[in-house]
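In the two assemblies presented below, subunit A is common to both, partnered first by subunit B and then by subunit C.
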Partner chain A sequence: MSYLLRRIVFYVFTAWAAITINFFLPRLMPGDPVQALIAKEQGQLSTDAVHSLYVLFGLDKQQPLWQQYVDYWGQLLHGDLGLSFTFFPTPVSEVISSSLPWTLILVGVTTVCSFMLGTGLGVLAGWRRGSWVDLVLPVTTFISSVPYFWFGLIMIELLAGPNSFFPSSGGYDPGVVPGWDIDFIGSAVQHSLLPALTILISSMSGWILSMRNMMVTVSSEDYITVAHAKGLSDRRVMLSYAARNALLPNVSGFALSLGLIVGGTLLVEIVFSFPGVGFQLFQAVGAKDYPLMQGIFLIITLSVLAANFIADLAYLVLDPRTRKEG
Partner chain B sequence: MAEPLIEIKNLNVDYGLGDDAVHAVSDVTLTLHRGEVLGLAGESGSGKSTLAYGMTRLLPPPGVVAGGEVIYHDPERGPYDVLSLTNNELRDFRWAETSIVFQGAMNSLNPVHRIGSQLTDVIRAHDPRSSKEARLARARELLTLVGIPSDRLDSYPHQLSGGMRQRVMIGMALALEPKVVIMDEPTTALDVVMQRQILGELVQLRERLGFSVLFITHDLSLLVEFSDRIAIMYGGRIVEQAPAKEIYTDSYHPYSAGLLGSFPALRGPKRELTGIPGSPPHPGFREYQTLVMCRAGSEFSRKGAVPCRRLYSKVEPGGPAGHADRVRFPPAVPEILRAVRAGPPGARCARCSRRFGQRGGLLAAPRPLTRVSTLEEIRWKPLPRR
Partner chain C sequence: MAISTVDLQAAAGAAAPTPKPARRQKFRFITNTKTLIGLIILGFYVLLAIFGPMIAPYDPDARGDVLQSPPTSAHWFGTTHLGQDIFSQVLAGARGVVYVGLLAGLVATALAVIIGVSSGYLANTGGEALSALSNVFLVIPALPLIIIVASILPTVSNTIIGLVIGLTSWAWGARVLRAQTLSLRGRDYVDAAKATGESTWRIIFFELLPNLTAVIASGFVGTVIFAVLSEITLAFIGVADPTVWNWGTILFWAQSQQALAQGAWWWFVPAGLAIAVLGTALSLINFGIDEIVNPRLRNAGRIKGKSVRMRIGFTPVLGKENR
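Up next, the complex of A and B:
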């Protein structure tokens, strides 16, 4: 348990460091959001309005830096990430929470599917190496070297079109009112098929390759020979002895990819104009929307940390050698 | 001699196919009898382990059994050839009839499973109807059998010492009460004290449970002590087999003599230890079945061993004398020598020299053997009366 405790302390420290950097970063940049907003309003703001904007953004110059820092923490703990420029005056937290489910569901489901499918195929390819299954290798190597977004463009070119079943952009049909009903969910699923397929195909091959190679390595271990000599069924040796041990490096890779779900597929979301966090971030960058960028970075950082923590936990469960017990 | 349990007949094992194949085991014929400890000794690369893997069909690719038979005399089902079993039959045969304790004690256990589950899964695989409690009870019993507290069932392999792991492997090997346990250098990775201890326990277990052991090692002194019979392998062939005592006191084959000459005796006068000069020949040559002592062209002076050049050129005059690497050594020679020497009283080998049976005559004059190349060819004729 002390191991777990140390990990938690480490993650808390890392989170603090990330949040602190997140606080200082915009303050180190030239100009400030209010200037940007003034520019956006083309000087149509009174001095009072400008001042209240400074207060609103927590940027009033009178306050010393440490006071701002403390206030920032106070706001953060209340879930207040400031106001977005692009969607002024909507709070950043609201903007993010409207796009987060889209990304979480699309990329989350595809990441899990791609991991499970890829690992399964990798187990087979590694176990039956030298047979026809090895044909998978050149194909996956080729696909894994193709960038996501380019693959997405190809998919749109080939499969989407005015009369196609697959819509080329958006998260749902513009004519449908968002809500938990069949129409909306059906439309959302239909819209997410192409991006999901893109992510699935291009990320799965990586899992296949790494799992296959680990299987080949593990297959030559002595305990595999022992398992065969024991007369265990081929299936049991493959799953419980070879795959079980070959899985370990892949699991930590999987946990890390979970962390990248939130921000990782920016380009795919851009290509498909998918209303997720990545697309949001793209818009925020275009509009110099610092609070929104800051908020998204924070979410990404926290999710990467959380994923790392999950990886640690998974390793503890899967590999007894990492447990520090008596 | 007791009835045979496993008969290996003319087993050939190659690595690779076609002309490039390395003949790691060639034409090995070996019999393991019921209840016996058969030692298999030889230097690294002589094919000991390959023989064990070959006879149990565990050879990793590119190893292939190129020919021969491994007849298992099943007490219930009668004799059958292990090499021609179907996959399902083979699975049933493995561990239930022949279990193996492998070379690497450290890596034989799966690091991510508890000892208990690795002991019970083999029982479940062979007896799916057994209850979980029964399997656990058996696993506990097995651990106790090899001197490990049964609460270690919940331990992972990395929590055990090397000696304990090897004990677990021995316990696991006995899980299904097999008739044969093949031990492939089971104690090589352990220190000598632990070796002694584990082997001592093994001997006791064997006496209690009555299984046969094929004990593979390069530690001949260990074998002399623990085994009933010893077979010596050299270059993929069995070059000599005899009761352990006989090998120790009176080995025929120059290689066996070389092996014996390479370790010190505890008692008796000090003598110079002799090593075997040169390195083993490449097993790819068919012709190479020559000899250790030939390899450096050196002469060997010990009882029973003669300069091989002389020995071989006489054993097989057809071979190009003086060209050590190309001289053949008929594998049957040691047996012939032994048979001739132990021949019936009052008779002598018809085509052997009279001097042959004399002590001190060494192998120096086996000229008549040029006419006897297999055991069957020996003819006896009564000694003339005085």
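Up next, the complex of A and C:
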């Protein structure tokens, strides 16, 4: 149990760190950032936007920093992330909550699929090494070096078109009213296929490579030889002896990869104009909508922390050593 | 290290055949095909970064009369909506990409070495705190953080982008280095060094660091890959200065001018391929380093012993080369 407790403490600490970074980032800017921004935009900012900037940078009232920090936490616990000024006067939390489900479903489904498929293919590639399966290596190396968004562009160029089944942009048909009915869900799934495929192929190669290398490392262990000598079937040795042990580093490597995959997904959304958090971040960056940008950063970070926690739970089930300690 | 039979024979005074003096294999990593290919491609890119802007046939900003034309003999990669030569833009963009990648790699690797090695070697609360710090940075998604920091900053030059990427992406290297340092710290030779009264700094710099070279190198290469992709991304979404050419800027203009919808594939394919080939070269170098560190990965072919089919009444004897 102590393993689980340690992880929970760690995630609470990390969430605190992320929130604190989010608080201090705009306040660490040298000079008067709002004036700099107004000058940069050459008077194209509305007075509302200017005001919400002053609030964000903590320049609206003469309070000591710790007082601002306490207030910030108070607002945050009420779900108040400030006002977005691209969608003024909609609160940031409302803007994000409209786009978050799109991203969560897209990332969730594709990440789980790519982890399972990639790990499975990696097991085969590592076990059957030296045969034609080794051809997988150069191909996956190349694919994993391609930026997600560029791969998305190529997918659109090749697969989407005026007469194609795959739509090239948007989250659903303009003619469909969002709601829980067959028409809308069908249309949403159709629009998600191409972005999902892009993320799947791009992110899968990383899992294949790392799983293959772990399989190769594990398969020269003595206990594999013993398992063979016992006369167990090749399949059983591969799955229950080699893959089971090779899987552990892959699961714990989830933490690093998840951040990368989420980053890549944001970009794929931009390319496909998918109505998720990434596309919104893109719009916010274009409009210099700092409250929205910071809110999105916070939400993404918290989601990644939650996903990591789930990965930790999986690790707890897979590796008996973590359970023994306590 | 096990004592070899030669040493035993020599110790026993037997007339052992004098063994060839073991030669230290310098530059062993170059004999690895993957590393070699990767280094050659990387060298080509570094040359491009130095000379690219000079040998570009056109000024990458200059507008021409031929608007949005497919590749021709005059414009190898075609032209943009303003008649700018895309081949020249790709050449001019190489410098920014390589510069930011290397700068971010250096900054991140330096931080990773300082934080990782000291958190691994100092077994006190300071070491634990540094380890917690790197774990926090590891879990916070780097790309959104980089985007936010870069878009809050009043000016974004290549140097600033490189620094921002470097300062946010050291955590993975630090974690790997800490693990490796922890394992080295308990070795006999470190104890021996302590016993002879070597100072902590001497132990870190002369006993530990040389044994961490491969890990540091692979962390550096990995960070460069990440930095290049992040930089391209920043330029693509328009956070970086769109008047400074790099491959992301080309993609930014291609995207914002609807190159895709107009079928102008030549506008975004060369820049993307350039990124992908650079990334592949760096990954190949890293695979080579992996194989040096982990000899089990080295044998590309099928290991003989593994394919032995077990049959009743047949006891396979595994040869030494399988160990």
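The rule we apply is simple: the second predicted complex is superposed on the first by the 262 of 326 C-alpha atoms of A that agree within 3 Å, B and C clash if a C-alpha of one lies under 4 Å from a C-alpha of the other, contacts with A are read in each partner's own complex, and residues count from 1 in each chain.
The rule we apply is simple: contacts are C-beta pairs under 8 Å (C-beta built on N, C-alpha and C of every residue); 3 or more make two chains touch, one makes a residue touch a chain.
Bear in mind that the values here come from a model prediction, so they are computed numbers and not experimental data.
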Open item on the list: With both complexes overlaid on chain A, does A:142 touch subunit B (first), subunit C (second), both or neither?
Closed with: second
Open item on the list: Quick check for you: in the superposed arrangement, does A:225 touch first (subunit B), second (subunit C), both or neither?
Closed with: both
Task: Comparing the two partners subunit B and subunit C, which touches a greater set of residues in subunit A - done: C
- [ ] Check the residue A:78 against both partner chains and state whether it touches subunit B (first), subunit C (second), both, or neither.
- [x] neither
Task: Contacts of A:216 with subunit B and subunit C, given as first, second, both or neither - done: second
- [ ] Look at A:235 in the shared chain and tell me whether it touches subunit B only, subunit C only, both, or neither; answer first, second, both or neither.
- [x] neither
TODO: Would you check which partner chain A:157 touches, where first means subunit B only, second means subunit C only, and both and neither mean what they say?
DONE: second
Open item on the list: Output the subunit A positions appearing in both contact lists, the one against subunit B and the one against subunit C.
Closed with: 130, 220, 225, 228-229, 231
Task: Touch list for subunit C against partner subunit A, complex - done: 132, 135-136, 138-145, 147-149, 151-154, 172, 225-226, 229, 232-233, 236-239, 251, 255, 260, 263, 265, 268-269, 271-272, 275-280, 282-284, 287, 290, 294, 296-297, 300-303, 305-306, 308, 310, 312, 316, 318, 322-323
Open item on the list: Taking the touch rule as given, give the residues of subunit A at its contact with subunit B in the complex, in rising order.
Closed with: 130, 220-223, 225-233, 236, 240-241, 244-245, 248, 318-321
Task: Sites on subunit A touched by subunit C in the complex - done: 10-11, 13-14, 17-18, 21, 25-26, 29-31, 33, 36, 40, 129-131, 134, 141-142, 144-147, 149-150, 153-154, 156-157, 168, 213, 216-217, 219-220, 225, 228-229, 231, 255-256, 258-260, 262-263, 266-267, 270-271, 281-282, 285-286, 288, 290, 293-294, 296-297, 300-301, 304-305, 308
Task: Residues on subunit B engaged by subunit A in the complex (per definition of touch) - done: 56, 58, 60-61, 90-96, 99-100, 102-104, 107-114, 121-122, 125-126, 156, 158, 169, 172
